[in-house]
C-alpha cells in the first residue's frame, strides 16, 4: 500500500534550505512583498489577486472585523476568563458563534445572489431582482442582506464598498444585483429596508470570484482579528467577570 | 443595580448613521484606507502602526500562515470531512492545536527574550545571551527558537525577517538578543543550531511592542488564513478521507 | 433597568449551605443516588427517567461512545499532540466533527421518523414506511439509518437495542416505524440494507421522548467519553505523531 | 513503508458481524449491561471498575455536572444563539472554558495531593499536610481545593463524597490527606477555609486510581451533560439574547 499513499497539495512544502508556498519561495518572494490579506485571498482562491482586488478584499475584512459586544465577542471574553492559559480556546469559542445568525449573512447573501444569477435570463437587472424578491416572499424566506437592527435607513459600509469596487474596476454582477434588490424590494415588501454591510460584503466577495462555500471563512478570518482585539482589551480592562456576575446575581430559580 | 452596569470598551460602537472602530469612522476612515494586517495590529496594540511596522508585521503573518500538512491542518481537514456544514468548526478545530508544541514557539521565544532583557545588565548583548543560554541549560530548559527538524542549518525566514526589520528601522533589542543567542549558543550547547522562523517571528513581534501574552494570538491569526487555504483545497482536492482510511485500515487491535 | 434583569433557570442554584439542581438537593438527594446517565437525561428532558428508560438511554450512550479511529478520534489525537497543555481543546476539536456526516445520523434518523409519524394516517406501519421510503427516493434523499459501510448485512447493535426497549416496555412508534422501514425498503430501493446502529439509537432516543433537536447532543455526550478514552490511550501509546508523519512524508507537491 | 504502518489501539474495532470495545463484544456484553459512567471510567483507565468505584465515580460526575450560570454555561448559550445550526459548536465553546480557573481545581487538587504523597515520609498524615500547606504558603502558591466564594463554611458536596468513598471501601490516601489539610491549614493560614467540592472530587478521582493528567477530562465529561442541559433550557426558555442586549446596551465607549 505504501506506494499508493499520496497526499497531494498545492499549498506548502519545504526542504532543508527553502520553503515553498503556493509555488513561490516563501522567504524570497512572499515575506515583505505580499500583504497578509493578499496571501489569505491567494491561499483560498488559488490565484494571486490584483492590487485592486486586494484593496476591495481588505476593505471587506476591515468592515467585518469587529462589531462591538456581539454574542461571539462576549463568549470569547468569558472563555478567556475561565481559561486564560489557552488563548486559542478563547479565540475558537468566539469563532464557533460564526454560524447562521450573527455571522452567516455574508455567505447567505453571496450564495443567494449567485443562485439568482445562475438561472437569470436577460439583462434587465431590476426585473431579475424583482422576480427574486417576489419568489423569496412567496416562499416565506428572507432576502439575505436586507435590513439592520441599528442602521435602519442606511448602513454606512454599503456605499463605501460599492464605491471602492467601482474605483477598482471590479464592480460586477453580484453587487449590481444587490443594488437592484435595494431599489425594487419596496414594491414587494411594502417598506424600504437598507442594504446591510454583511450583505454587501458577500456580494463583493462573490464579485471577486471567491467560492461561495468559503465566504463564511472570510467573515471568520476578519472576526479572528476582532476577537483578538476583544481578548487584548479584556486583558487591559476586564469586563467578563462583571458580565458573569450580572447574570448570576440576577438568576431567578424556577425549578 | 442598573445604573451601575457599565461595560467599557475602546473598540467598536455604532448608532443609526455611523460605525466607530478604534475611535475612527469605520466607513469613512478605515475601509479602503487601512489594510487588514494594519487593523489587526491596531486592534490588539491599541495604537496605529507605522507603514514600516505594518510591513514587518505582515511579513511575520505571511511567514506563519501555512506549514503544509501540520497536525493542525490535518485536524481541520478531518473535521471538515466529518462536519462540512460547519466551516467554523473545522477552522476552530485547527486553531485548537495552536498550543505549546506546534504553534507556541513564537510566544515562548518572545517571552523568553523579554524576560532575559528585563533583568539584563550592561550593553554586552553576547554576554547577556551567553548567560541566558547557560542558565537555561543548567535548568534543563530548552532555549525557544533554536533548532528546526527540517531546516537544520538555516531557516530561510530568519535572515529575511531580520533584513526587513533593519530596512524599516525597527530592528530592536529582542531581535538583537536573538541573533546573539544564535552566535553564542554553540559555546554552551556544543553544537550549532539554526535560529528558527517561529522564534524570529516572536522576536520581531516583541520588537514591535506587542504584548508578549498576545503573541500566540498573531500566530493563530496567521494560521487562520492558512487553515482556510487547507479547507478550500480540501474542497477542491480532498485527502481527509484517505487519511482516515489509511489510519483505520492500518489499525492493529491490541486489547 | 436593574429591576427588570431576570435570567430564569430551572437547573441549578446555590446558597451558602446548599446546592440545588433540578429542584433537588444535590448533595443529599443526587450524589450517590442518581447515575450520571440518569442525570444527563434529566438535565435535558427536564424530567426524571424511570429505571427502564435509564437502561435504554445508557445502552444508547454505550453504543455511540467509540467507533475506533474515526476522523473525530484522529482529530482529537492530533490536537492533543499539538497542544497537550489543553485537554479541553483536544476534546472540543474531536466533538467539532460531530456534524452532519459522521455523527449526525442519530439526529437525522430521529427527526425523519418523527416527521413521518407527525403526518402519518392510519395504523398500518408498513404502509406508512413504504410511503416514506418511496417519497424519499422520489425526492432523491437518503433514508437516514439505512446501510453501513462495514456491517453490510446486520448491525449488531440494532437487534440489541430493540430487545432492550422491548424488555423495558418502552418500545414505541419510532422504533416500530424504523423496523418497518427495514422490512419494506427493498421493495422500493431494490436491495436490502441493514438498519444501522446510529439510526436505531435515534429511534430509541425519540421513543424516550427526548427532543429531536437535542438528539445530536446525546451522540456528542457519548462521544465525549470515547474521545477521553482516545486521548488517554494517546498518552499511554501515542500514534498521532506517526499519523502526522505518514501524511507529511507522503505529501506530493503540485503547485 | 506500507508494511510498517501500524496504529495500535485497545479501544474499538469491528468487522462485518461484530463490534469490539475494550476487548468486549459491544452489543452482547456492554449494551444494556454496563452503565455509561462505568464505560467512561473503563475507557480512560483501561480497567473495569467495581460497583463501588462506579458509585463514587458517578457521584463525582453528578457533583460537577452543572453549577448554574457559570461563564462556560453563558458562553455555550451565547454560541447557541449565534449558531443554532451547530449544537456541537455551542457544546465545544462551553467546554473550552474548562481551563485553569473555573474547572481546573479538580485536576489541580488531585495533582497537588499526588505530588505531596509521592515524596511524603512517615504515616502522620497531619504532619504531611502541615508541611505541604506550609511549603505552599512559603512559595506563595494556593492550596488547591481550599475555599469557595459561596460556601464559606462548608461545601455540602465534600462530606457526602467522603461518606460514599467510605461506604464503598475506597477511601484512600488522597482523600485522607485532603481531610488532613482541612484540619491543619488554619494553623498556617490563620483562617478556616472549607474543603471545596471541586477539590474533593479531584481527591476522590485520584483515590480511584485514575491518571492525574486526565482528571480535568472527567470534569469536562460531567460538564458536557450540564452544558447540554443549559442548551436544552436555552431552547425552551431563552436568555442568551437578553444577556447580549444587557451587555450591548450598557456598553460605554471610551476610545
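First chain written, first letter: the chains are A, B, C and D, and each begins at residue 1.
Rule of thumb we're sticking to: a residue touches a chain if its C-beta (ideal position, glycine included) is under 8 Å from a C-beta of that chain, and two chains touch if they have at least 3 such contacts.
Just so it is clear, the structure is predicted and the values come from calculations on it, not from any experiment.
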item	value
Touching both chain A and chain C (chains)	B, D
Chain separated most widely from chain A, comparing mean CA positions	D
Which of C-D and B-C has more C-beta contact pairs	C-D
Separation of mean Cα positions, chain D and chain C [Å, integer]	23
Whole-Å gap separating chain B and chain C, where each centre is the average of the chain's CA atoms	37
For chain B, residues contacting two or more additional chains	1, 5, 7-10, 13, 68-69, 83, 85-86, 88-89, 92-93, 96-99, 103, 239, 243, 246-247, 251
Arrangement of touching chains [line / ring / star / complete / other]	complete
Chain B residues within the chain A interface of the complex	1, 5, 7-19, 21, 25-28, 30-32, 34-37, 39-40, 43-46, 55-56, 58-59, 61-63, 65-69, 86-89, 91-93, 95-99, 103, 150-154, 156-157, 159-161, 163-164, 197, 211, 213-214, 216-218, 220-222, 224-226, 228-233, 235-237, 239, 242-243, 246, 249
Footprint of chain B on chain C - complex, ascending	1-5, 68-72, 74-75, 78-79, 81-86, 89-90, 92-93, 96-104, 239-240, 243-244, 246-248, 251
In the complex, chain A residues that touch chain C	5-10, 13, 20, 22-23, 83, 85-86, 88-89, 92, 96, 246-247, 250-255
